[in-house]
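The following blocks contain the structures, represented as structure tokens.
Common to both upcoming complexes is subunit A, partnered first by subunit B, then by subunit C.
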Partner chain A sequence: MQPAANDDRLKQTGDWLDERTGWRGNWTAVFLRKIPKVSWAYTLGSATLFTLVLQFVTGILLTLYYVPEPQQAYASVTYITNELSFGWLIRGIHHWGASAMVLLAILHMVRVIIYGAYKYPREVTWLTGVGLLLLTFAFGFTGYLLPWDQRAYWATVVGTQIGSVPPVVGGFTKDLMLGGPEISGLTLSRFFGAHVWVLPSLLVALVAIHLFLVVRNGITSPPKRDE
Partner chain B sequence: MGADEGPPSTSGVPSGVGADGPDAVDPGRRKFLIATIGAVGGTITAAVGVPAIAFVTGSARTATGEEGWIRLGSVGSIEPGAAPTLVKATIERRTGYLVEEQEVSIFVTTENGQDFVLLSNVCTHLGCRVRWVEAEAGFHCPCHNAMFGRNGEVLAGPPPRPLDRYEYKVEDAQLFFKEA
Partner chain C sequence: MKPNERAKYLEDYAESKKKGIPFFPDAIFKDAIAALIVFLVIVSLATFVGASLEAVADPSDAGFTPRPEWYFLFLFQLLKFFPGSLEVVGVFIIPMVALGFLVALPWTDRSARRHWTGRPVVTSITVFLFAGAIFLTVQAITAEPPPTADVASGDQIALLYSANCAGCHGTTISASSGTDLYKVIEGGTHDGMPAWNSDLTSIEIDALVGFILSPSGYTLFVDNCSECHDMQSLAESDSTELRRALDEGPDYAPHATLGLPVWREALTKADQAKLLNFLTAPDGQRLWFQECSACHGQSVAYSGDRKDLEELIRRGGGHLQMPSFGSALSPEEIETLALYVTVPSAAPEGAEMFGRLCTSCHATRVPTAPDLETARQLISLGGSHEDMPVWGDILTDQQIDALVDYVLAAAKLPNLDEAEQLFLQNCAACHGNLGEGGTNPTRAGDIIAPISTAEYLATRDDATLRSIISQGQPNFGMSPFADTFGGPLNSDQVDLLVAYIRSWAEDPPVDLPPDIPIVPQGARTAPALYEALCAQCHGASGEGGIGPAYDAAWQASKTDQQIFDDINLGHAATAMIAWGDLLSSQEIEDMVTYIRTLTGEAGQSAPLTYVSSILPIFDTYCAACHGVLGGWTATSYEDAMTSGDNGPVIIPGDPDSSSLVQSLIGTHPDGLVMPPAVTMSQSDIQKIIDWVAAGAPEG
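Right after this comes the complex of A and B.
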């Protein structure tokens, strides 16, 4: 087959799709949009998004073997780590990716503060970003319990005790997190449910708004000396 | 910083002008960047994707059952010429970190007390369990109305082959079978 004929067929397929979906306009708006002259610091948001995608992929893979039940949680994690092909890698990426994502999200936020990119008209982008950072922390907190080892168990004891500090509502907040008066199998299953269903749903919605606003408003150019 | 840089709305590009518009960048640079993105992206995808395939197929590739002869029961409990007797044995199956006890049910018949026929009770059509129906002198599968004869041969219905037979041996008046 000749390359020219191939290109032709590809273009025809693209045209056919474009006529029915208008994808070219969106592609241009998202990936071929004009941006000001920027530095590497501007890649931190994309880097955070990249670690998020990695977390999604490795997290979904881990759920194929992980069992959120007290008798099996630790055994299934041990199996993933020590016996399963590339289990150490998939779990390792998820483990270190979690820390990397928190770090990158914070660096991204620092960049936005330093460059003044949170100002008009991008306040809503900033607010959704704050929500995303909090969600990332919640991911870290709920995911930490899932291996169900000593460190996970006691970290959750400490973390939920901190939740009990506020007057009046504190005690109930703690019981709500634990699903009872103390850590049990119910705590494990609700942390798992939060980690793989509740938080990802919220995160995807917020990321969509965040990215839409980034594309809609464009990104800021670095502030100039006389600004 | 040149004066021509600013928010997209003021960059003077009419809407609808794409990548190859009048102010398009050097095509060589553009091609190089696209190729770089493709190469880096492809490498990362492969670095995660290939281990992911090994990971997903892992427990399916390493499941193990019990090896060697497994005791089924005493030969004396099988009467020559009688209706097939359903005999159960418990075997250990290891899948991943789970070691589970599994019950295997085998229909045993003998005509002379010397030679035995050990039939699996799993229908060869789609895996339902068959049971012996004395009135029709055959094994009936409730899922799709299959009938098998006393020695496992297909009498009616969709099964593609007779009931599976287990290899067996008799030792000290005990019946042993091997997992297929």
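Right after this comes the complex of A and C.
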């Protein structure tokens, strides 16, 4: 087949799709838009986004084998780590990816603060960003219990204890997290539910808004000294 | 930002965009490279470091030191700065303020300036917050290990604290006043903190309470001292120094140039006391080690009443009335002694004199005189010398109270080593080394009941014990032991013995009554019942053991009715329980008849066979499951010898390799323990072992 004909065919399909979805407009708006000249620091946000995707992929793979039951959680994680082929890698990536994501989100935030990128017209972007940071921490906290080993257990003991300190809401927060007077199977199900269903949904929604706003408002240009 | 500033910004921005680059592919390319680097880093960490996994969660193992993930460490560390009721500041208020700062940032920083140098306030707050978080994180990571106690000084409590508490609580805990710390420690009232009562004795818990105890002195400390001092170092300095610092105010040399208030006036007397109590908890034992043991040693000796003791401590050096030796000793002798207390090595012969003349007051501690002349004078003139501080001026009332309590209590603590010696020499021959009792050498057929069971100790008060020891129990063949009754022991020694016997109460060496084996379900004949119930103490053939032997002398000393009553009613406070609760009258009568057939000679019992001895055991303990559930089947000789998941469980002649025996004695390689719910009596287990060893004959 001729390359030209090939191009033609592709274009036809593209047109057909565009007529029904209007993708070209979006494509142009999102990818072919012009942005100010930016530095490497601007890659931090997308790097965070990348680790997020990585967490989703590896996290979903982990749920295929992970059992959120006190009796079996540990055994299933041991199985994932020691027996499942490439299980160690998936878990390793998820483990380190979590740290990387927290770190990158914080650095990204520092970048935003240094460049004054939270200012008009990006106040809402900033707010959703703060929400994202909190969600990321929540992911880390809930995920940490899941392996159900000594470190997981005792760190959560301390963590939930800290959660009970705030006046008025403290008792409630703690009950909500523990599902009882102490860490039990119920706690594990709650943490698992939060980690795998609740938090991902919230995160996806918030990231979508965050990115939509980034595209809509455009990325800041690095401010000059007198700006 | 004002409207015109906003418009200007949008204009400028549109301008810089025009001069900019297309997002695709230029920016995306950069992003992709960054993502690739991140990916490579994560994958190599995953590959070369991996995600560790510790031992499975064990809620009962409180020894584990909790560590959150690194990004929560700053919070964890912050907690340590705000102990007790201030906790809420550390874990809630400060983080909320920081979060509030982040959320509100676009609205608090409303200027049009964007470069960071144009926004000094925001920049510095940000730097401060991050520096703080990083500092805390680093501090948590490199956190000094918990304070290790100075073992040499014998400060066991600090050791306890560092071993048990410091892992979570750091170097200090401040409890809000009014907390019953003893209860908190004993019961472990908050999550994650275990109940310590199984790991620590009550004395240890008490000591820890004293160590931790820090009443409202904490606030005073924070308000007045914490700017320059950390708690640890002040608490470690000695109380004489602390009191001087308070009393002398600006005249106290180290405080001279600091422009400090005169504490005496700035703080009320009560506040001063609180502060000192905070820094040196009113815990007698600790005070003793800190203040007194340097001169008085570790052991506490005092016999006198509370008032005198308190007086003595309050007046301190005032009470030391040394006689003047000037007239009693020759000048040469005084010279020797003076030299000895100045430079001991220069006058070795002084040691003997010191031992003779001075130790009654100075104990073994040789005082050190600054120079020969002073020593000479002190010895010749005697009188009070002010070596011992006037504690009444230094310690708070609470501290003195605690010290007095401690000295009185500690002085009462008997020397248990000596007591044990006494017990072994005088009592063990009849009562056993652990008070377990045994056959009575003075009266044939009689048995001496244990005196070290929890029950015995709980039902005899000290006075009863003392009178039994002093006067003996002539009816039972125990002679009087007190010298007042013609025995060998003086009253101090009798007291020591009482204390020794009492010391068993905490952890009675003899557990009685023993586990009562389940009464066999199958044959309830007298021989079977005897095997299961009585043989444990009286021996399989009545040869005796914990209980008396049914030898000729015993048989002669009892009527049938007496034996019946003994079985039916038992003997209080011994292993001989009232079997009437478990056996019918008919069964007891049969038992009496059976016991009459016993001679008390061991070794005459019939050889162990499956039919006679093993079947009843299997029926009782095993057959309920091992008959219907598959695997090993215990219901017939044939099955018992051949069935089993992995081949026969009984290897005739080789009990050690028989998995049946292994599962009974806990050596099974798979950790199998049988029977699962009840405890089989030792004698039954032994019987099975002997039977297997004998080749597992059928009958």
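Throughout what follows, the second predicted complex is superposed on the first by the 227 of 227 C-alpha atoms of A that agree within 3 Å, B and C clash if a C-alpha of one lies under 4 Å from a C-alpha of the other, contacts with A are read in each partner's own complex, and residues count from 1 in each chain.
Definition applied: a contact is a pair of C-beta atoms (placed from the backbone, for glycine too) under 8 Å apart; a residue touches a chain by one contact, two chains touch by 3 or more.
Everything quoted here is computed from the prediction, not taken from an experiment.
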Identify which of subunit B and subunit C touches the larger number of residues of subunit A. C
Mind working out whether A:111 is in touch with subunit B, subunit C, both or neither, as first, second, both or neither? neither
For A:148 in the superposed arrangement: first (subunit B), second (subunit C), both or neither? second
Partner chain in contact with A:218 - subunit B first, subunit C second, else both or neither: both
I'd like to know which partner A:36 touches here: subunit B for first, subunit C for second, both or neither. both
Let me test your reading of the model: by the given contact rule, A:79 touches which partner, first (subunit B), second (subunit C), both or neither? first
I'd like to know which partner A:96 touches here: subunit B for first, subunit C for second, both or neither. second
Starting from the residues of subunit A touching subunit B, keep only those that also touch subunit C in the other complex, and list them. 32-37, 54, 78, 89, 93, 218, 221, 224
Per the contact definition, I'd like the list of subunit B residues that touch subunit A in the complex. 1, 5-9, 11, 13, 18-19, 48, 51-52, 54-59, 61-62, 96-97
Under the stated contact criterion, what part of subunit A meets subunit C in this complex? 30-38, 40, 42-44, 46-47, 50-51, 54, 70, 74, 77-78, 81, 88-89, 91-100, 102-104, 110, 113-116, 118-123, 126-127, 130, 133-134, 137, 140-141, 144, 147-155, 157-162, 164-167, 182-183, 218, 220-221, 223-227
Which positions of subunit C touch subunit A when the two form their complex? 1, 6, 9-10, 12-13, 16-24, 27-28, 30-31, 33-35, 38-39, 41-43, 45-47, 49-51, 53-59, 61, 64-72, 75-76, 79, 87-88, 91-92, 99, 102-103, 105-107, 109, 112-119, 122-123, 126, 130, 168, 190-192
Spell out the part of subunit A that touches subunit B in their complex, as residue ranges. 24, 28, 32-37, 54, 57-58, 61, 64-65, 72, 75-76, 78-79, 83-87, 89-90, 93, 218, 221, 224
